[in-house]
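The two complexes that follow have subunit A in common; it is paired with subunit B in the first and with subunit C in the second.
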Partner chain A sequence: MPAVRFLIALAAVVALHFVGARISDDLPRLLDLFLVMVVFYGLQGDLILGLAVGLLVGLVTDAVTGGLYGLHGFADTIVGYGTAYAAQRLVIRRPPGIFLMFALAAAAQQAILVGLVVMLLADPALPDLTWMLIRVAATGVAGVLFVLIRRRSLKRIEVWRRSRTSKLK
Partner chain B sequence: MPGTVAERRSRWLLVAVLALQLVLLSAQAQTASGSSRLEAFFVRSVAPFSRAVAATTGFVESATDGMRLRSTLEQENAELRTELEQLRRERVEALGIEQELDRLAVALDYTAVPRGHLRVADIVYIDHASWLQTLLLYVGDASVVRNQAVVSADGLVGRVVVAPAPYAKVQLVTDRAASVGGMVERTRRQGVVRGSSPGSLDFRYVPLQADVRVGDLIVTAGIDGIYPRGVPIGKVVEVRPGDELFHEIRLTPAVDFGVLDQVYILDRMPVPDEVKETDPDAGG
Partner chain C sequence: MRDTSPLAVFASLPEERTFLRTLADVRWGVLVTAILLAAIGLATVHSASAEMEVDYLPRHALRILLGLLVCAIGFGIDYQVLTKFSVPIYIASITLLVLVLFVGRAAGGARSWLGVGSAQIQPSDVAKIAVIVLLSRYLAGINRRHLTLPQISLALAVVLVPMVLVALEPDLGGAAMLLPPVVGMLLVAGVRWRLLLAGAVVALVIGAGIWNFVMLDYQRQRVKTFVSPQSEPLGAGYQLRQSKIAVGSGQLTGRGYMQGTQSQLRFLPARHTDFIFAVLAEEWGFLGVAVVLILYALYVRNGVTVALRSRDRKAILLVVGLLSGFAFHVLYNTAMVVGLLPITGIPLPFLSYGGSFMLANFFATGVILGIDFRRYVNR
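Now for the complex of A and B:
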C-alpha cells in the first residue's frame, strides 16, 4: 500500500510539473516539486526509504530534463539519504525547522548538481545564482506549506473518524 | 563513525548506489551520448503525463479559439489568403529552380545527398527553462533513430538523442552540449555553432580575417553528418574580436522555442557513427 501511495504521489508530481511548465517557462526553474517529494519522504527518518525515493524520483526528474542522464538521480539520492539521517537525529516539527530542512536540501541539491556538471563536462553551463537562491527559498516555502496542509488534513480526518465512531457507539 | 548494523548497511548501500551512478555518468560524459535503456525506460514512463497535459491544454486553447469574434477570424482569413497566394507564387519559382538544378546535376553527373522527407510530430513537453534544454515529441509508430535532425518552419530545432517509441527526446540546438556545423550564408565561411546562455548561440572557430557582420544569417553547413545543408540556425547579433585567432560571434536562434507546438523530423538517415569514426589509415 505505501508503494502504491508513493507511485500515485509521483504521478501527481510529474503531472503537476508538466502543468507548471505549460503555464510558465520559469515555474520548473522556480520550484522543484520532485525535490519536495524526496525531502518529504526523507523526513520520515528511514535511511533506506530516503535513499530509494531519492534515487527513483531523481531518475524521473532526469527523464523530464536534458543533459547527462543521472545527474538528479545522484543528487537526490544524497539529499534523500541526508534528510533521513538528519530526521533521525533531530526533532523537526515546527515550521521554521521544516522550512530549513527543505531549503537546505534544495541548496545541497544545487551544489551537488553544480559540482557534478563542473566535474563531468568540459564546458559546463552553470545556473544563475539569483535563480538558485529563489529556488532554495521557494522549495522551503512549498515544503512547509505541504507539510502543514497535510498535517491539518490528517487531523481533520482523525477528528471526523473519532466523532463517527462515537456516534456509532 | 559508529552506528547500528542497519545504519552501517544503509551507508554501504548509499556508497554503492552513488559509485554506480557516478560510473554511469562518467561513461555518458565521455561518449557524449545521453541515451541509455534506463533513460529510455523513464522517458517512456513519464511521457504519457506530458501528453495528457498537452492534450488538455490544447483542448482548452482550441475551445478559447472557437469563441473568437467573427471579425477577427475574417481578418485572419484575408491575411492567410494573401500569404497563401504569395507562397504559391514562391513555390512555382522554387519548382523552376529545382528543375533547373536537376538538369544541371544530370549534365554534370553529380550525386546529391538524398534530401529526405519531413514528418510532422507534436511536441508534448518542452524544457527550455533549465540549464540543459530538451523537448519531448510524440512520434507514434514511426521509426525514429538517434541523431535524426528536427526542424521547424523557421529553422533548426535540434536532433533526436533518445527515441523510446512512441516518444522521442530532442536536444535543442541551444543546449550547451549541442554543436552544429554552420556557415555564414552570405560568404559560405564555416564554423561551429554551440549552445550558449539560455536562448542564444555562439558561432565559433571563425578566423579573425573572415568577413562576418551583424545581421548575417547562419545556416547549417551539412558537414556534421547529422543536419542537411542550408537550414537557418540563427542571425548574428554581435561580432567581437576574440582573445585568440577567432571571432567571438553571438547568434539569436532562428526558431522561437517559446511558441513551438509542432516540429518536423527529417527522415534522412544521419551518417552512422562508425562511418564517421573510421580511421582513413586503417586501409580495407
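Now for the complex of A and C:
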C-alpha cells in the first residue's frame, strides 16, 4: 500500500509539473515539486527510504525535464539521504524548522547540480543566482504549506473518524 | 610493529562498537574491484567515443556515480526483505517485459528498451535480478540434498517466462543470459548428475528447434559468421574481423591511450558498448587486458568468499546467482570479442556503456556486501 501511495503521489507531481510548465515556463524554474516530495519522504527518517525515493524521483525528474540524464537522480538521492539523516537526529515539528529543512535541501540540491555540471561538462550552463535563491525560498514555503495542510487534513480526518465511531456506539 | 591500517583500527574498536566492527569485517574487495573496473571503463568509454558526435564521458561518469548510490541502496536493504518481496518484484519485471513488446524502443534489431522522456531502461536487466531473488527464496525453502524433477522444472519455469518474453523482443542473447544464474543456483542447491546430462540433451534438442523455427535470418547469420568469419569480410563478418584486428594489434603493451586506430578511426562498431574489450586490448595490450581480467577474477573471488562465509542458504544462493550471471557475462563478452563465441548484444559488466546494466551490476554488488554485513544476524 505505501508503494501504491508513493506511485500515485509521483504521478500527481508529474501532472502538476506539466500543468505548471504549460501555465508559465518560469514555474518549473521557480519551484521543484519533485524535490518537495523527496524531502517529505526524507523527513520520515528512514535512510534507505530517503535514498530510494530520492533516486526514483530524481530519475523521473531527469526523464521529464530532459538534459543530462542522472543529474537530478544523483542530487536528489543525496538530498533524500541527507534529509532522512537530519530527521533521525532532529525533532522537526514547527514551521520554521520545516521551512529550514526544505530550503536547505533545495540549496543542497542546487549546489550538487552545479558541482556536477561544472565537473562533467566542458561548457557548463550555470543557473542564475537570483533564480536559485528564489527557488530555495519557494521550495521552503511550498514544503511548509504542504506539511501543514497535510497535518491539518489528517487531524480533521481523525476527528471525523472518532466522531463517527462515537455516534455508532 | 602496530598495524595502523583503517581495517585494523576498526577491528580494535571496543566490543560495544559492534556496528563499526562488523562494517570493518565486510568483504569490501567486491566494491573496490567494482570501482576500479568502472574507472577503467570510464577511461575506455571516453577513448572509444572520442571521435563520435556525442561525448559519452559525462553520461557514463554520471551513471557510475548513480551506480554507487544504487550500491548503497542494495547494501542497505536486508536481503531477507528483498526475498520477501520477490514475487511482486518478479511480477513487476514480467509486466515491464510485456510492456516493452508493445511500447518499447527498438535498437540494434530488438525492441528491448522502455523509454520515458530522455530516460531508457532495459527491462531484461531488472528481470535478471528478479529471477535470482525469487529462485533464491524458492530453492532455499527446499530442505533436500538433491532437488526433484518437479522442483527443477518449477525453477526452470520461473526463468522460462522472462526468457520467452525477452526472446520475443527479439533479443536471444539477452534471453540466454537469464539462464546461467539459474544453472549456478541449481547446481549449488543440489542436482543429480543424470538429471544434468538429461538437461543437456534436452537443451541441445531445444537449441536445434530454436535454430530452425525461432531465430531470425540476421541471428542465424551471426552464428554462421562465427563459424566462418572469412566468408563475408565486409558483410556480417566485418565486426568480428575489426575486433580481432583491434585485439591483435594491441600486442604486449598496446598502442597507447586514445591511440588505437580501430577505435579512433571508427573501424570498430559498437566500440563503447559490447566491443569495449577490443578497444581496451588495442590501447593497453595484453597487460591491460590481464589487469582487467584479474580484477574480474578478484571480484568473483571476493563474492565467493562472501557466499562461503554466509550461514544462510538463501544468502548463499543469492550470491551464487548474482555471481554466475556476472561471470558468464564476462566470459561470453571476452570470448565473443576474440571470435570464440558468436556475436550477440552482451555487454561487459562495469566497463561497457549502458545505464540500466551498470545500475543492475552495482545493485548486485550492494546486495552481496549487504549479505556479508548481515551474516551474523541472518542464519
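Here, the second predicted complex is superposed on the first by the 169 of 169 C-alpha atoms of A that agree within 3 Å, B and C clash if a C-alpha of one lies under 4 Å from a C-alpha of the other, contacts with A are read in each partner's own complex, and residues count from 1 in each chain.
As a convention for this text, contacts are C-beta pairs under 8 Å (C-beta built on N, C-alpha and C of every residue); 3 or more make two chains touch, one makes a residue touch a chain.
Worth saying up front: this structure is predicted, and the values here are computed from it rather than measured.
Partners subunit B and subunit C, brought together by superposition on subunit A, clash. Contact comparison for subunit A: of subunit B and subunit C, B touches the greater number of residues. Of the two partner chains, subunit B and subunit C are each touched by A:64. When the two complexes are overlaid on their common chain A, residue A:127 makes contact with subunit B while staying clear of subunit C. Applying the stated contact rule after C-alpha superposition, one finds that A:77 touches each of subunit B and subunit C.
With chain A as the common frame, the single stretch of subunit C that clashes into subunit B is 60-68; none of the other options in 6-14, 24-32, 60-68 or 186-194 do.
The residues of subunit A shared by its contacts with subunit B and with subunit C are 47-48, 51, 55, 59-60, 62-71, 73-74, 77-78, 116, 120-121. For subunit C in complex with subunit A, the residues that touch the partner chain are 55, 57-59, 61-63, 65-66, 69-70, 72-73, 76-77, 116-119, 355. Looking at the complex, you find that subunit A touches subunit C at residues 47-48, 51-52, 55, 59-60, 62-71, 73-74, 77-78, 116, 120-122.
Residues of subunit B touching subunit A in their complex: 6-7, 10-11, 13-14, 17-18, 21-22, 24-26, 28-29, 34-36, 38-39, 42-43, 45-46, 49-50, 52-54, 57, 125-134, 136, 169, 171-172, 175-177, 194-195, 197, 258.
Listed in rising order, the residues of subunit A touching subunit B in the complex are 11, 14-15, 18-19, 21-22, 25-29, 47-48, 51, 55, 59-60, 62-71, 73-74, 77-78, 81, 116-117, 120-121, 123-127.
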